[in-house]
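To keep things simple, chains are lettered A, B, C and D as they appear, and every chain counts its residues starting from 1.
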Amino acid sequence: MDFLSDLIVNIGLWLQDLLVSIGLPDAWVRIITLAGGAFILALVPLTAMFFLIWYERKIVARIADRLGPNNTGAYGGPYGLFQVLADAVKMFTKEDVIPAAADRWIFNIAPMVFLAIAVVVWAVIPLGKGIVGSDLSIGIFYILSFGSGAMVAILMAGWGSNNKYALLGALRGIATLISYEIPQVLSVTAVVMVAGSFSLVEIVESQNVIFLIGMPLTALLFLLSILAELGRRPLDLVEADSELVAGYFVEYSGMKFGMFYLGEFMNQLMVSILFSTLFLGGWRGPFVDQVPVLGTVWLVVKLLLVMLVIQFFQYSLPRLRIDQILALNWKFLTPLALVNICVIALVGKAVPYDPANPWVQTGALLLANVLMALAVVGILAVAGRQMRRSKLAGSS
Amino acid sequence: MTFQHVLFIVFGAITLGGALMVVTRRNVFNAALFMILSFFGVAGLYVLLEAPFLAGVQLFIYIGGISILIIFAIMLTRDMMNPDLIGRNSQWIAAAVVMVPLCAILIWTVSSHDWAAAPGPVPENSILTLGQALVDQEGLALPFEVASVLLLVALIGAVTIARER
Amino acid sequence: MGPQIPLEWYLFLAAALFCIGAYGVLSRRNAIAILMGVELMLNAVNINLVAFWRFLEPGGAVGQAFALFVYAVAAAEVAVGLALIIATWRTRETVILEDVDLLKG
Amino acid sequence: MLDQFAFIGFFLIVALIFGVAPPVMAWFVRPKGKANPRKLETYECGMRTHGETWVQFKAQYYTFAIAFVLFDVEAVFLLPWALAYNALELYAVVEAIIFILILLGGLFYLWRKGALEWM
């Protein structure tokens, strides 16, 4: 029972003991365990992908009143579960077309950089109690800083393709990505303030009351910014399939297209986990102390919920124009995020955190959030009325 | 030769090699990509210096911010498409003649001084100390506020200059 | 375990990086490429600051804080510099600094 | 601290392998051979592409990029402050709020001047 309760950690320790017992020198044991651990951790998102792509396609199909992948034949498997595998095989066997006008080096390297960055951020994400690649002291900042490298890959793809659609898609995409990074970083700053640490493990452990209750506005800011970062409707300027064909990866075919697709899905999974970790308490839940493996189950439940919310946004809202997207960010989200930090800083000092009674500070924060939301709605109502009046005055 | 030395040589080679490509490539876009590589090497050096926060800042601001800004400017001016564009100006030989001895002098000066040996490890909470020092009245509170004013001036000035009228 | 690499190595590297950047500034014609050279020089300065912080006063915060201020200065410099280049581009259709010579009209 | 980063180093290498592996694996199974020159043309909904790809873009993109970089730097200044928040006195918190408000004032100034409109 002891073994079961801390399954994955124990397997790691057991492997380490095994290596020591064959008589390998210590340095080699360390290198092998580190490299093996890195490899296994990198495989986690890749294998999760097969289920999650199926999950997304099923949800999309239900929203569109279809059945989704359901072939029970040779390729599809039960409920069409193996459909993704069949797709992957198809990607591998496709011809690789490099346009004659393209800048070959940049064109070929861009998808590799994109996928590598999508993998590398997994190193610090806690996947369960005690299951984390490396509990860095700068944890969340590590994810943010490597995440900004994806923009370089997108610019490389847009530039290297030497195609008007691709370049325009890349530029428009980068304009949204950079804009929405500001509210994202600022909402993370608010979380760091309350949690008192960059480390994702400590952020999870400090959530005796999940942060969603205390900071709903911060969570909303973060959710909107990850929608833009993923290129999801209503903020999907990066792809905008009806305007720019496919955005920055128009010219890509075969496995290179597949790498962009895979990288985007890994990012989606990563930000879903990030949202669950920052605002929903990560792996924390009932009975985790007795059975640590349950933590992973809770995390999966939470991230599936977050993904469901993202899918609902994606498939039920129309796309905004680029001026609307940028105005939403610079005239609404960024000032709100800055004011949000000020308010949380003041409330947090006025009502200090009390470990015995965590609900006091949460309640104060929630009250401040509600007041802030009411004020925002009031300002929006007044501004909207003024705008309508000036329009009426101008037209008459 | 320990593992750290190997890492230092790898990151140093990335930094210097990238920097050399930046100043010699004709195509400005390629030069910008090599500049990103060079910045990445510097971030690795910061990790070796046990300043992980600054390594993150290096990636975050230099690769995610300044490089994107430079690439945007390259795309807006599209001058590298000019076929008769020569990368370097007429004084490049003079510049090289000045810079190689300058580099030699700097290295000679550095090596002729007896530098302090490495002290003990960096305390665990060095980022916390940094955060406290930034808003400490006895410490860096004034530069902190002045940095804000600098950013404000740069924001308004740059946007006003770059705007189309 | 302290750092096994001596301080001189970092200083050598920073000196070399600074000189490469300065060479770029002096020898390029394209104004954007010149700004890239300036960025390399600022990076060399930052390596020095962080190395001195690590080897002389790892318990303090001043070295890291000044590196942060250098980042702020670098961002401001690049934003204003590139804005000037774009304004020049709009009126004179060039980013070659030798052609931007207002006195020659 | 370097021990923590040893894993990151290995993970970086693994991530690079993951990035390079798919095209290499695909190279073994995909059909090779000389493609039709028509196929290698730049894609533009069936039409021949016209003129340079590097058409000039709006300087408006650049305006937002400037604002982004400067707010990025602001966020970087705020992050260590946020980490130390629990150990700070009230006056230190107020200092950071002044820091935020100065930049917020700049944003509102640009807004009033119409620099945030997409023209």
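For the reader, a short list of remarks on this structure follows.
FYI, a residue touches a chain if its C-beta (ideal position, glycine included) is under 8 Å from a C-beta of that chain, and two chains touch if they have at least 3 such contacts.
Keep in mind that this is a model prediction, so the values were computed, not measured.
Shared contact partners of chain A and chain B, listed by label: D.
Ranked by separation of Cα centres from chain B, the top chain is A. Compared on C-beta pairs in contact, B-D and A-D come out with A-D as the pair having more.
If each chain is reduced to the centroid of its CA atoms, chain A and chain D end up 15 Å from each other. If each chain is reduced to the centroid of its CA atoms, chain A and chain C end up 33 Å from each other.
Distance between chain centres (mean CA atoms), chain B to chain C: 6 Å. Shared interface positions of chain D, defined as residues touching 2 or more other chains, are 1-2, 5, 54, 57, 59, 61-62, 65-70, 72-73, 76-77, 79, 82-83, 85, 96, 103, 107. Counting partner chains per residue, chain C has residues 1, 68, 71-72, 75-76, 78-79, 82-83, 86, 90 touching two or more of them.
Contact with two or more other chains is made by residues 136-137, 141-142, 167, 171, 178, 181, 198 of chain A.
Chain contacts here follow an irregular pattern that is not a line, a ring, a star or a complete set.
Against chain C, the residues of chain B that register as touching in their complex are 2, 4-5, 8, 12, 15-16, 19-20, 22-23, 28, 31-32, 35, 38-39, 42, 45-46, 48-51, 53-54, 57, 61-62, 65-66, 69-70, 73-74, 76-77, 79-80, 85-89, 91-92, 94-96, 98-100, 102-103, 106-107, 110-111, 115-116, 118-123, 126, 129-130, 132-134, 139-140, 143, 147, 150-151, 153-155, 157-159, 161-162, 164.
Residue ranges of chain D in contact with chain C, taken from their complex: 2, 59, 62, 66, 69-70, 72-73, 76-77. In the complex of the two chains, the chain D residues touching chain B come out as 1-2, 5, 9, 52, 54, 56-63, 65-70, 72-74, 76-77, 79-85, 87-88, 91-92, 95-96, 98-99, 102-103, 105-107, 109-110, 113, 115, 119. On the side of chain B, the complex with chain A involves touching residues 29-30, 33, 36, 52-53, 56-60, 63-65, 67-68, 71-72, 75, 124, 127.
Within the complex, the chain D residues that touch chain A are 1, 4-8, 10-16, 18-20, 22-23, 25-27, 29-31, 35, 37, 39-45, 49, 53-55, 57, 61, 64-65, 67-68, 71-72, 75, 78-79, 82-83, 85-86, 90, 93, 96-97, 100-101, 103-104, 107-108, 111, 116-118.
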